[in-house]
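Same chain, two partners: subunit A is paired with subunit B first, then with subunit C.
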Partner chain A sequence: MASTGIESAERRFWRALWDRLRVPTWVSYALLAVTVAVNASLQPFFFTLYNIQSNLNTFVPLVAAAVGQTLVILGGGIDLSLGAIITLVDVVVVTLMEGSMERVPMALLAGLAVGGAAGLINGLLVAYVRLQPIVATFATSFVWSGLALWVMPRPGGAVPRAFYRGYRDVFLGVPVAAWIILGIILLWLIIKRHRITRYILAVGGDERAAYASGVPVTKAKVMSYLLGGLFAGLAGLGIVANTASGDPYVGGPITLQSITAVVIGGTRLSGGAGGAGGSIAGAMILSLIGNIVFFANVGSHYQELINGAIVVLALALAGIPALRRRSA
Partner chain B sequence: MAYLSMSGVHKRFGGVVALNGAHLAAEKGEVHALLGANGSGKSTLSKVLTGVVAPDQGRIEIDGREVRISGPEDARRYRIAAVYQELSLIPQLTGMENILLAYEPTRALGFIDRRTLEQSVLEVAARFEQALGRRIDLHRPVESLSPGDQQLIEAYKAVARKPEILILDEATASLRQAEVEALFQVVRELRDAGVLIIFISHRLHEVFDLCDRATVLRNGQTVGTVNLAEVTERDLVDMMVGRGVVTDVRQEAATPPRDEVVLRVKGLTGPRLHGVSFELRAGEVLGLGGLQGQGQSELLRALFGAEPVTGGEIEVAGRRVTLRRPQDAMRHGLALVPGNRAREGLMLGRPILENLTIASMRRRQTGPGFLSPRREREAAQGAVRSLEIKVGDLSDAASTLSGGNQQKVVVGKWLLNRPRIILMDDPTKGVDVGAKGELYKIIRQLTQEGVSVILNSSENMELLGLSHRVLVMYEGTIVDVLEGEDLNENRLVASAMRVAQPA
Partner chain C sequence: MSEPAQALLETQGSRLGRRPLNPVLIAFIIAVLLFVVGELVSPGFAAYSQIINVLRVSSFLGIIAAGQTLVILSGGEGVDLSVGAIVTFGAIIASRVIDGQDSMVLWGLAQALAAGLALGAVNGVLIAYLKVPPLIMTLGMASVVKGLILVYTRGQPSGRAAPIMVRLVSQETIFGIPGILWIWLLLTIVLTLVLRQTTFGRSVYALGANRRTAYLSGIAVQRMVVAVYSLSGFLSALGGFFFLGYTESVFLNLGDRYVLPSVAAVVVGGTSLAGGAGGYVGTVVGSIVLTVLQSVLVTLRMEESGRQIVYGLVLLALLAAYGRQYRLRQ
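What follows is the complex of A and B.
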């Protein structure tokens, strides 16, 4: 294990406190609060049920994708095919639904299965065939995209109205989308307590030390991608519910957005440290930035530029804790 | 019949033979030391036992049954645990998370049983804390702990796995006295409970304090096993080196160094150096002796500006200098052939030509920042000729060369910069016999031309054969200076291990 060795005891203590309090994660929560405040100030009727609901509806896919990407990155890898998996799941689910409510449960399960299978294949390529994660998942992204186009060459498909309406409904006074996001958070908290997550963290932190300690390295890596794929499946279901149609091009931007969300959330890209809590906040921040740009009446030519600039700002702010670590 | 029996173990790493038919027999409920000089094979033997190294030949029996150990899973099955100096902790995880890593108690479906985990870990910690007199915070990421505490956590980790065979390989290196005592107390408890502990260390006083018996290795073979109550430190040193043999392998016609002092170091201090002082004369080969990791590499790197220095003075040719970066050192005529050839000596993917010329480009530039391809090529060819480097084409990648030739390229690179002092950190490690001899020739030739060499070597015979004087280092200071008739292996090893000399 490489330890800096030249650090004074005092420095070490402060750094430990910083890490233990999970400062990077709290920074992302603070950023989220700031983003909400800015958005609220720019957008009239921000705190109405309708608006909150429509925001949450759009959050769901990216939140799920961010959690999936977090697991892969924690294990020391990365999944550049996440968006493509989401696309594939989207078209498969919509195709299977055929506009009928009876077929919905089957279609949803099939979607998750597709996500899991894609994740599994990514994991096998990285862990057994030993391909570099960036290379492997970049390649598979074309495979999933290609399959999506084959399943549904043009956007369309029929999603049953009841399903679409149900997603936009309110349950016990709380929007359905909010329940779903709560569910995702709960899933993450459960996964955190499982042995496999500790193994994933160990492998991402120091693969050699993990191997020497008896951690099943290969299995941990495969599982991180498999779980990533399952969450991508969940994200795909969210897209179906949100857009009520199939679109073989829908997942494109989501991959990089999921990685951005993870970074804003404070998880180290090198792996081994961080958590999905920050990533979920990061996902929401990214979505809200889009709103902010829109409501700030920035000319449509500049929207993408401003959006990008704000994202860079968010990344920089989120990255300050890491800077302090490096100078130690 | 011994509880643990390793016999006829052979292991070769490339051209180097680490184990040549070594054997070891140890019993349950004993602390058995494994001793030997640098390169004797003791670390390799322990790694064979933990499955980190696969032997070419050899038989391991535990409790009468033959066992195959091909990886950490097998070591786990046979309840063998080890504490190495190179830690196996995950830096950002806490002590609590590291200690029972991969051995976590789980509830149904694989969820970690946090309560039982904490209980088990605290039990192990308590055993040490008693003797230690303090607690280590197990809820901090281990990377935030001191190196000594990290080493202790590594020990907690091994003990928590309830081993039947526990190996401690140089586990006390970063521990202070009190911490060593705490560790030993736990070891004694384990021994009394029937565990076999294999203790590898260079600190003979610790060996006598803790161990019951000792097996000595030399040149990859077992010299013998002794009962520590019946021998002295001198006896052990003799076994490690060869009974009372005074070996004097200095080559005839070694040119004595000139009188001019080219380097004067006073009280050099840094994180791993504590007040090093010496003088180096022109044309002298100054060897750095002592056990590995006592500050030799750090001294060389500090002299090259590659390691932080917090105190002391360095004078090159009578002028006081501050060496904050390698470029400063280069300007004052110093060169470093680093210990990690692949990572720090060469750009493996680049052509041999570039590797040879890169450190001296400024000398040959034709205009501000411009190079002449012809001049570069001629310089490289000159180096290849004078050092007899076997290359196919100068534009081949450096990675295509053999270890020995790669090392010659590193040396050649520096020679093209006409250094006054060449610092060499274990230059013949991983180099075949033929190239070794050629490197020795090059070193001797350099000294004849008045160039000085400071040489760190893990091979005692090489160090003794090349050096005019040897500075023996221990824990970052110079503890002995060997020259003249003191320049022999027996003296070297004894000084390295701080064994008292006979009157």
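What follows is the complex of A and C.
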């Protein structure tokens, strides 16, 4: 592919247009509609309350994780320890609950605190110690999963019945899990309007320019990881409610899934542009693709291959504008 | 002076001024210190035969991390997280084709290497031409390869290593050194020469330093990126083949343990994650450091949880020592 230092005005125009179209969020929503439609055609009972409910129950952790990952990526970072944080939160909460309902509020708060603390440490390492996000969070992921193994060496623990039954309940005709997802969306809308998000976007877009214009760069970075950790805490709580047990390996795959959800959702992986709305759609698309592969009745050995291939395909499609952009 | 220009100067200044010590040397000293700690905790830890054994175990990580070194050197946020899955796939193919017969070793090796090369090329094409970020592309590739492995084996890997492979990894030659270490030494020399003396090697550094200037100097950037990722797949499969000689039989997550350490070995060896600076000798020392560290932690009878925590903390300490980025002020 050719690349030139000097661009013609026409080229610049098209390039600006493509930049604006960068995996546009409406594409993610359209993809979501398509996956829902395909799912519905394969699954005769897709639109029954029970089925919607059981789907939504499994969506919550990834949706929360994807929002957390979005905030980190928007700020120009990445959190490879997100899955390990979720695991740590899961085992801490289950251990603290000891199967009794009175201990639930305390355990939930502790879970969020653990997530926030882990995110804060990631943020301090990246912003103040100035480590590269990929390796720093990569290294802390060992620490979080080691701590998780120390808290709970093998899967188990008791979650009070009333707690996980409540999660699967229906409130005002709408499943509780749907309320939670709505709550997460609301939370994002609030965060989006806060000043800190503008700072995070500025830092992710061009750190030096942000610094020169007086944006508190280090603070914005720390906040993006802190918020990421808090949402990971939320995801961990979702896993506790959904699986009703603790598992020191449960969060592993969520790291990749959360990053994929962010990319499918139209956020630029290098930071500075995008939002969590698309990521939430991306998280649901990923979960629904898993469903489709499961219900399409392909041999069980092919499931993982097809799942992976679809994800790579989605990533490649998101990259097609790059072919036109022709930058070296 | 305008702020950005000042920041730029600052970057260059700190880059030049910050490395008073050679990271490869630091890593080497750490490796020696770890051997000393091991010897203090458990006498005999640093005996000659034990050192050779630790080096033998390091060689697999070292060979796998060779591809990772090329990828990271080539820059552009380059990293290959599919190495673990490709290691497993290479070992599984070799094991099935060879199935314990010496006469089939070369054929099995060829098939494993071809698969690794092809998968690496797919990574490279999507990264170079479709601009998929390397991190996410190779993570996605890892899950695709895991799927391929399930389809290829139907969940039940078969076959085993040939006696000649086991001898290569375990049997002592002169100075009590097993054949695998000679192969690793040869790879180190060849790769270092290639990186330093050939057009290909210089282009890898040029790519890592600045893609645009590399392009303007006439380097076929995208083709180079494909070549680098292909080589990484190739070397991962090679590592899987040798590791099969060590484990003798295969299992479905055989290579997973190498994904993160392969990146860590490169970083510990002083290669910059931003690309363009470093080399394979550092990675060799880095692989040894990580393997000795694991071995010391096992000798200390530390639980898996404690080992992971210490591993992470040591990695952070090493990164803080020489993996830091510049500061945004005067």
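Observations, loosely collected:
The rule is simple: the second predicted complex is superposed on the first by the 292 of 328 C-alpha atoms of A that agree within 3 Å, B and C clash if a C-alpha of one lies under 4 Å from a C-alpha of the other, contacts with A are read in each partner's own complex, and residues count from 1 in each chain.
Following the convention adopted for this analysis, a contact is a pair of C-beta atoms (placed from the backbone, for glycine too) under 8 Å apart; a residue touches a chain by one contact, two chains touch by 3 or more.
None of these values were measured; they are calculated from a predicted model.
Judged by the touch definition given at the top, the superposed model places A:196 against subunit B, while subunit C stays out of reach.
In the superposition on chain A, contact of A:125 is made with subunit C only, not with subunit B. Of the two partner chains, subunit C is the only one touched by A:260; subunit B is not. Once the two complexes are overlaid on the shared chain, A:136 sits against subunit C while remaining clear of subunit B.
By the document's definition of touching, neither partner reaches A:161: not subunit B, not subunit C. In the superposition on chain A, A:312 makes contact with subunit C only, not with subunit B. Touch counts on subunit A: comparing subunit C and subunit B, the chain ahead is C.
Of the two partner chains, subunit C is the only one touched by A:149; subunit B is not.
Residues 1, 3, 5, 208-209, 211-212 of subunit A are contacted both by subunit B in one complex and by subunit C in the other. Put simply, subunit A touches subunit B in their complex at residues 1-3, 5-6, 9, 12-13, 15-16, 19-20, 193-196, 198-199, 201-202, 205-206, 208-216, 272-273. On subunit B, the positions that touch subunit A within their shared complex are 52, 72-73, 76, 86-93, 97-98, 101-104, 106, 109-112, 114, 139-141, 143-147, 150, 157, 271, 308.
By the touch rule above, subunit A contacts subunit C in their complex via residues 1, 3, 5, 78, 125, 129-132, 134-136, 138-143, 145-150, 153, 207-209, 211-212, 217, 256, 259-260, 263, 269-270, 301-309, 311-312, 315-316, 318-320, 322-323, 325, 328.
Across the interface of their complex, subunit A is touched by residues 3-4, 7, 77, 79, 126, 129-133, 135-137, 139-148, 150-151, 154-155, 211-212, 214-216, 221-222, 260, 263-264, 267, 273-274, 303-313, 315-316, 319-320, 323-329 of subunit C.
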